[in-house]
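Two complexes follow with subunit A in common, the first pairing it with subunit B and the second with subunit C.
Right after this comes the complex of A and B.
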């Protein structure tokens, strides 16, 4: 299906309830502009897009739009020759699109940093984690405060593979992220830890889908957000366990820390379970900073502002504690700490 | 009961039906004329006819919801439904005056016995209208009004006009529009200031005719500092064609008042149960929904509370049991509009034999609602691999001082628990029944004892054959 054949989604659709498609489209919703490719630097070397994207089998509007606006692709291999990788994505253009396809065939890491002052960035990351392999993936969104980001991710995990996923989302003003992971084969495992800071009038909408397609697969999702000023955080999760997927263990938790009276947080952790011998749980919590914690810190000499900043930092840092890969964990924590310096 | 009906009834103990002796029966199908005819027949005031017609036009123009079980919703044939059927010429105040065939039905359901033992008042609705109504004299003396809705409109038109559609406007959703257009029967209750109705009052709703639509309308107003406990039960016969039940319930709890509304819905598995229930709680008021969904083909019901006054509290406890061919799409909604309001939601569901249970909830905190607290817990049990359980909770928080928690889990009955009980002499089926009853215990303990016993029996019946 072509982009122009897909009806513009309305608020009744779960995915587009809080962020209308028109807000993240780079121009008018009825147009498909040709958009240049973003600059991709892999381990200090700029790489060129030399592959064409395969047609996605998802007829989801943002994926189809990104492909029609720019069909190029950067292929990144995480293999024994290059187990630890850092990618920086930026652009000097007003608008840019980047598609990165990751093939992981070893136990390694990949860190993606979004950097620069671009007005609109379209990012599509797809990836396969091969049998018995572990990929530690970190993403830091540190774009300029005025940027709009439309991001889609599609991950597939094969037998006995592990995806450790960490994300720090602090850049841009209007962010729509749609991250989908399919646990295709037995014993595959996903841990996904996302920290979000929304301040000023930052609007950050994360939709996270986890599909258990095989038995004995595990997933754990943890989204922590700190919202201040007029910030607006949205976290929608859809955890699906298909039929005949006994032995799955899945959990998702959304935690929101509300730091001002004008901040808003929406959490919709959905579950659809079609197998009976599984464990599936979800939770969501919203609250302000505990006044007892503030009091404790202030009694030890911190100012109120400093105490609150430390508590928020601790709340978000704890989100990355489950990432085993030292490099990825330290990178994410370093980026977060730098934010609070 | 004839053989055909007997065969169709199966395990559903209320699946019998009695011969239809309608005094007035409208033709199938819905039109503006049908809506006006219902209103004329009931000799309603002009304003009510106008609301009905507006609601009908809204119903026709509004599309079906595009969420939930769309395929089941699309299969409702609105033109095959009978929208009004009068079985008795008038509402009897004495049990002996109820027509014999209807009396037999309610006798089989145990209504008169329950009334004698422990009820403050009872309304029995058969098809579209109430056939029997009584209220204890001492309550009447205290000024408590407990009438069927048609009588309420006749005797207290100003009171009804003030509150009708005030909590649920006719344009709220497609089915509230349908109900407002063709409503008939239901309960009207007004509890004066400071009066506490100690014994529960009950309404019993029964669909007997084939392809019948029941659209009762209930309005309960608890004035300042009063309290009431209202219980309703619902059953219908099992036919091969489907019936439609689309009720609207509006609760108004004024300052310091308390309303508890308990339902055990046990419609047969060919009834579409599409109900809108909402309460409004003013300052320091409490609204409680205790909601059990055992029967029906498709239930879409999300009891809601709007916490409008400071210090108001909402309590929603719901259980759902989804067997073969059933989809129980139930949940709860709470809007915290005022400061220091609190709410608790507990939802429990069981899916068996390919049944599907869904929790759909909304928890919303307005920017001015400081110091709100809310806790939502949803637990689901799946008894076999063919069943399905979904959870669709929504939390929208616009106030930093709010403290909200949501937790949910889906699991099967643990082998350890079964093993423990079986090692103490229970069969596997008995052990499973005990675990299910225990799972539902937070709900049953909130029901009047007679209802709790009945519910446990129903669950036992539903659990028959659950093993293997």
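Right after this comes the complex of A and C.
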């Protein structure tokens, strides 16, 4: 189905309830502009897009739109020869699109950084983690404060593979992220840890789908958000365990720290479980900073402002504590700490 | 002549309209160790918290002077920077903040001297050794997942590094086995000689190790009896009923 054949989604749809499609479309919803390719630097060397991207199986509006606006793709292979791959995505144009396809055929790590002052960025990341491989993936969104970002990710995990995923989302003003992971084969495992800071009037909408398509697969999702000023954080999670997938262990938690009276956080974790013998848990919690934590820090000589900043930083840092890969974990924590310097 | 660090006159304190402390007088000079004993709910911890400036407690009458100045003039963090330290009975956990960083920042906040990183490490290592603490402690998050004993040791480690003028220890001995208690007592006795201590406890066993100069029995928000170490022995032996007779 072409983009123009897909009806513009209305807000009754779970995926588009909080961020209308028109807010993240770069022009008018009824048009498909041709948008240039973003600059992709891999380990200090610019790489060119040279592969036509495969057509997505999903007839989901943002994925179809991104493909029709720019059909090129950057292929990135994760291999042992390159232990820490750092990709920086930026553009000098007002609008740009980038499609990165990751093939992980040996265990390794990959860090993606979104950088620069672009007005609108469309980003699609797809990836396969091959049998018995572990991919440690980190993404830092550090775009300029005015940027709008439309991001889709689609990951497939094969037998005995592991994807440990960390994201720090601090850049841009209007962000829509739709991240989907399919645990296709037995004993595959996903740990997904996402830290979000919304301040000023930043609007950050994460939709995260995790599909267990095979038995004895594990997933763990942790989204931690710190919301201040008039910031608005949205986290919608959809955890699905298909039929005949016994032995799955899945959980998702959304935690929000509300740091002002005008900040908003909406967390909607959903479960759809069609197998009997599984563990599936979900939860959401929102609160302000604990006054006992502040008092404890102040009793050690921290001013109230400093105490609160450290507690918030710690809350977000602890989101990344479960990432085993030291380079990815330290990169994410370093980017977060730099934000608070 | 020893300096008067803390001077409390006719202190009355309420929490959400409920009177907890109903007229306490206390003077602590540098180098003195004062112990407060009393039943649960007597107001011991309230006294420690009000001294440290916990916002939930309201002073309704009386005054507290710290080193000659009314304590109300100080915010909580200013009290810490002026040399007051509270070892919490239930210290808050701060996930994501590593103990090592927290200690370094606390020392920089509180001590009126620029401590070089190398000197800090040396001092930290020595204090941790005295408290039999593993180096792995430093990379853990503050009180996050700590056992009761680990929390108390971290409190004492902080006290040793912050070198307070007045240390308030709120049931630092509760929940400790005898070996941990000895280490905690060692930490207290090795803190600066001129530090004044206010030690809140239920048990004589800590006082055997740190030897208080004064013991105060607290009932229903008041000191009903003050004396020397022999009072602690009598309270341990006979309880508090005889003080109410």
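Methods note: the second predicted complex is superposed on the first by the 340 of 341 C-alpha atoms of A that agree within 3 Å, B and C clash if a C-alpha of one lies under 4 Å from a C-alpha of the other, contacts with A are read in each partner's own complex, and residues count from 1 in each chain.
Just so we're on the same page, contacts are C-beta pairs under 8 Å (C-beta built on N, C-alpha and C of every residue); 3 or more make two chains touch, one makes a residue touch a chain.
Quick caveat: nothing in here was measured; it's all calculated off a predicted structure.
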Query - Touching partner for A:274 - first (subunit B), second (subunit C), both, neither - result: first
Query raised in the report: Touch check for A:6: first (subunit B), second (subunit C), both, or neither?
Result: neither
Query raised in the report: Now for A:86: first (subunit B), second (subunit C), both, or neither, which partner does it touch?
Result: neither
Query raised in the report: Of subunit B and subunit C, which one contacts the greater number of residues in subunit A?
Result: B
Query raised in the report: If you stack the two complexes on chain A, which partner ends up touching A:47: first (subunit B), second (subunit C), both, or neither?
Result: neither
Query raised in the report: First (subunit B), second (subunit C), both or neither: which does A:311 touch?
Result: second
Query raised in the report: subunit A residues touched by both subunit B and subunit C?
Result: none
Requested in this report: Would you tell me which residues of subunit C are touching subunit A in their complex?
Outcome: 52-55, 75-77, 79-81, 85-86, 88, 91-97, 102, 105-106, 109-110, 141-142, 144, 158, 162
Query raised in the report: Across the complex, what residues on subunit A touch subunit B?
Result: 12, 243-244, 246, 256, 258-288
Query raised in the report: Which residues, counting only subunit B, touch subunit A once they are in their complex?
Result: 66-67, 367, 380, 382-385, 387-412
**Report entry** subunit C-touching residues of subunit A, taken from the complex the two chains share
**Finding:** 290-293, 295-304, 307, 310-311, 313-319, 321
